[in-house]
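Alright, structures below, take your time with them.
Okay, so subunit A shows up in both of these, paired with subunit B first and subunit C after.
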Partner chain A sequence: MLDTALWISLALILMALMLNVYRMTVGPSMPDRLLALDTMYVNSIALIVLMGLWLNSKTYFEAALLIAMLGFISTVAVCKYLLRGDIIE
Partner chain B sequence: MTLLWIPLLTLLGVLAPMCLERYGRNLCSLGTATPPAIALLLALNQVPALMAGEVPRIAISWIPQLGLDLAFRLDGLSLLFLTLILGIGLLIILYARYYLAPEEPFGRFNAYLMLFMLSMVGIVMADNLLLLWVFWEMTSLSSFLLIGFWSSQSDARKGARMALTVTGAGGLALLAGFLLIGDMVGSFNVGVVLDSADVILADPRYPIMLVLVLIGAFAKSAQFPFQFWLPHAMAAPTPVSAYLHSATMVKAGIFLLARLHPAIGDSAMWGWLVTLTGMTTFLYGGWFALLKTDLKGILAFSTVSHLGLITALLGIGSPMAILAALFHILNHATFKAALFMCSGIIDHEAGTRELAKLGGLRRAMPITALLMSLAAAAMAGVPLLNGFLSKEMFFKETLDAGLLGGLGWLLPLLATLGGVLSVAYSLRLVHSVFFKPAKTAPPKHPHEPPRLMRVPVEFLVMICVAVGLFPAVLATGLLNLATEAVLGRHLEFHLAIWHGVNAPLIMSLVALGCGVALYGVHPSIRRFVRQFATTDARMIFENSIQRLVARSQSLTERLENGSLQRYMSLLLGAALLLATLGLLELPQLAGGMPEGELDGVLILGAALLIFGALGTVVTHRYRLVSLLMLSVVGLVVSLTFARFSAPDLALTQLSVEVVTMILLMLALFFLPQKTPRESSAHRTIRDIALASALGMVVASLNYAVLTREIDSISRFFIDNSVPGGGGHNVVNVILVDFRGFDTLGEITVLAIAGLAIFKLLNRLRLFMPHSDAEGRVWSPDRYPMILTSVSQWLLPLALLVSVFIFLRGHNQPGGGFIAGLVTAVALILIYMARGVEWTQSRLDFPYQLVAIGGVAVATLTGLGSWLFGRPFLTSAFGHFKLPLIGEFELATAMLFDLGVYLAVVGATLMILANLGKVTTPHRPTKDAQPATSKEKS
Partner chain C sequence: MNWYVFLEGLISVLLIAGGAFAFIGSLGMAHLRDFYMRLHGPTKATTLGIGCMLSASMIYFGVTKGEPVMQEMLITLFLFITAPVSAHLLAKTGLHLKLKYADKTRGCPDEIHTEDVGEKPVLHPDKGH
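And now, the complex of A and B:
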């Protein structure tokens, strides 16, 4: 049962990642691309946790934690850059 | 130990003038002269030991792998030269006190002089050939500084450069010769080498070695065909000429010949090469000394000539010839140094050294005239002066040389001819300066120099006379010791003025008589010679040097034209070639290992990676888009690390990604948003081809490596991580323990880089765009509320996580580096969300100190192991128990890791926060004080 669920979720996440890349490539605006990257980070968290479940390993957890905690900061930096140019003022 | 003090004291003398310069010249001279004076006394104090047949030595191991020891010896030969170097050196210091003009940097001059003295002392005392060579090169360098002392004069610069080039090139040949000797004998120890003459002479490489060593010695001692640098080195201040170019440096080559004579001198090749070179130089120098019109020029060529005489004696090599050579070294040093000092006095007091402008000076400076006449008479070989004795011995040895077979009579003939020349130029020197009536008045009104300036000359001339009158009493002792050192046995000899009427005496008299006659006719000779085109050695030398420089420059420009793309393509091309050659040698690509299983996630990950990389390249002109694409690559790489069980790498990569993004955003603000199109179609094709080829080759290489069993060193680390380092996380144990020294170096570099950026930023004024690339004005919302609240909530969480990552780092994924990055990122987020003003009023500490403190903590941890008598950075660990907490482990590696953590936090924030502050009033300033603290005060 769990395997099936994992399999379906993994497939969906991978599909989501591909769509993120599509949005990133096509744009059209910078915020579109940026959001696509941010979503990729979020999806990566899911991917890592799912992989951990699938391979029955705990070592993946920290990577997920770190992405969750820090991943958005690059997004913030780019956002601030797009809005204000100067990110530390 | 006394031996070590002789060079050490001269080394001390290098520092003394620099420290004492401000207290006036007298004290400076006195301070400079004291250490060598003590050194001279120490050396003379060894005489009783030497008389007893001992050779005091001292050896301290320096680089044993190379056979280089700090080894010194003091035998009779060293003593003879030490007396010259230190004794004349002291006189020169006194002389220079009055010679240099008041505005000239006196302390620097004395320091150079002492540096030179140190290197000469090193040469004559070295008991290791390599050490001797090190000092040998030091004489080249210090003489460069001394010759070029008047660096505003083009002559001085060119002369110094020429001397350095010639003697330096000779030095390289000498090194090659020494290495060959070391290879033949198996040791560089001078004592061992001197005892291994049979091994060296029997070796088939002997001729090569001999030529190399002789090139070195001849270049230094200005022997033909390297004689040309010495006259040009006369651009030096006169004390330098008197010291370097008469008494010491040019004698270094001769010293070397004498020193190595027992080991390499017993062959026909030595006899031929050395004797003939010496004789050629003897005549060449004498001839040109007769033609020169500049006082120092005459002295320079006469020095060349006398050096040739000594070389010829060493070439003849019989015990009595060696004795004569050593005796003449002593005599030449005394009369030539006196002559140089006299010429300096004349230059100083009359304002010129040109013979044409001088004349009749005996009335104005009678005492100098007397002194110079006596010294010149010694040089000419007039009886009752020291030069006569050694020159007569030289004549005798040429008669007994036994070289040249049936043409053996040629040597005495040439020797007499050289004697004639030296009488003629000595006479000319004295006559035209002091006795011939002057045609024009000299530029200055001539008068006697200050009393003390003449003292060194008086002293030297006194020695000339005294040795000339009582040779047996005054010179026998020193010469006894010196010949014993060269010959290895005691030599019975008796120095006397009168040997009865014999061939050498007749040769001397002929030389004197003909020399006077030659001086009488020398104006017509000079008229005759003037018909020949003169070739200036310096022009030829400069010309060839400039051609060499031009050629090297064009070659350099062809290889290194400043285009980074070109370097990159060359580098990658070379790598491609080598890797391809390696791959071609493989029987097949795949090794025996089974391939790993593929699944959908891996395939998609690889596809994303490739897509991201291609996207980065394709969009590279739109910088922000390209950066986003690059982030995709970074993210997938981190995921790959995680997937293939490298959690440490994954964590590091993730935090580095974030930091990189922030840095690039900070920098991109000041940069153009688009890269202009620069590459031609041609170049694009070339780059695509190169990149694809390299990609294919590297991929094949990876595949080949991954499918083979490889025996790497990783097993060692995995096995020793727990027993040796006390940690289960091998990566961390490697970083802080096994390879702790590397890590220490890396964090030091990181801290230095941070400091450099800090320093570079503090004067930077940047253009700030007022709208984005599309011309939209910036948003008015400086600190968005959501961001400010989230960032504040995140900080404690991030700090907690970094403490967690830090603490468990030794056993599980994590460590100081990642923890440091996490902390830094969280702090930077606060800066972004709240601005510098807000952050700095709450978080005001200089990151420079944090970074430096981190390096200090790590270094001190390493040094701590010295307290326990262990090597640097030895780690210790133990398990402890505390109530409530239970058992835990403490390791010194943790303290080291704390240093890493602090260095990373400090350096990262130093770079990012200060780059962020560039646009604010809190920008980095020169005095490195935060702006707020100034406002507060």
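And now, the complex of A and C:
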């Protein structure tokens, strides 16, 4: 039962990542691409959690924590750049 | 024996629900017409999906390894704190760049500016002038 659920969830997350790549490539404006990149961070965290469940090890969850922190910080930095024209004033 | 079957079913349901919510959020972001509409999908549905998935991982590793699950708690807390902040900053960026919005989008953000600057006093509807 758990294997089937893992495969279904993996397929859904991969389709979500493909849709994010589509929006990041096509997206008409800069905040659209930024939103797609921020969603890609969250979906990659879900992918790492699935890999941890598949391999039965908790080794990679620190990498997920790092992706969460750096994704938030980079999103805020690019937003500040688009808002103010500078990151640290 | 029966307890483990129940826990496996719970973990499977949480995994499939998490994947479905993440997919629905990304589908909304790819499909809707407007930046202000597209902002709704990832900020709500994807956050709920990753919360479901991390809960499934928390239950699994809490049952099989018997250790306290610290990393998933930290990731969940951090994502649930930072998702509204980044959504707020993205909405501010979209308003600052004056992105076009579809006719169905309510609020009409460009009309706010004349009252915000205060060029003329805003008439109060109750005072009668």
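The rule is simple: the second predicted complex is superposed on the first by the 89 of 89 C-alpha atoms of A that agree within 3 Å, B and C clash if a C-alpha of one lies under 4 Å from a C-alpha of the other, contacts with A are read in each partner's own complex, and residues count from 1 in each chain.
Assume contacts are C-beta pairs under 8 Å (C-beta built on N, C-alpha and C of every residue); 3 or more make two chains touch, one makes a residue touch a chain.
All values reported here derive from a predicted model rather than from experimental measurement.
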Problem - Touching partner for A:Tyr22 - first (subunit B), second (subunit C), both, neither - result: second
Practice task
Answer with first, second, both or neither: which of subunit B and subunit C does A:Ile45 touch in the superposed model?
Solution key: second
Problem - subunit B versus subunit C as contact partner of A:Met30, first or second or both or neither - result: both
Exercise for the section: Would you tell me the residues on subunit A in contact with subunit B in one complex that are also in contact with subunit C in the other? Expected result: 10-11, 17, 30, 34, 62, 65, 69, 76, 80, 82-83
Completion exercise
Counting only contacts in the complex, subunit B reaches subunit A at residues 600-601, 604, 608, 611-612, 615, 624-625, 628-629, 631-632, 635, 638-639, 642-643, 645, 647, 650-651, 654-655, 657-658, 661-662, 665-666, 668-669, 768-769, 772, 778-779, 781-782, 787, 794, 797-798, 801, 805, 813-814, 822, 825-826, 828-829, 831-833, 835-836, 912-913, 915-917, 919-920
Handout entry: Touching residues on subunit A, where the partner in the complex is subunit B
Key = 10-11, 14, 17-18, 21, 24-25, 30, 33-34, 37, 40-41, 44, 47-48, 51, 59-60, 62-63, 65-67, 69-71, 73-74, 76-78, 80-89
Problem - subunit C partner contacts - residues on subunit A that touch it in the complex - result: 1-2, 4-6, 8-13, 15-17, 19-20, 22-23, 29-32, 34-36, 38-39, 42-43, 45-46, 49-50, 52-53, 56, 58, 61-62, 64-65, 68-69, 72, 75-76, 79-80, 82-83
Completion exercise
Per the touch rule above, subunit C residues touching subunit A in the complex are 8-9, 11-13, 15-16, 18-20, 22-23, 25-27, 29-30, 35, 38-39, 42, 46-47, 49-50, 53-54, 56-57, 60-61, 64-65, 71-72, 74-75, 78-79, 82-83, 85-86, 89-90, 92-94, 96-97, 99
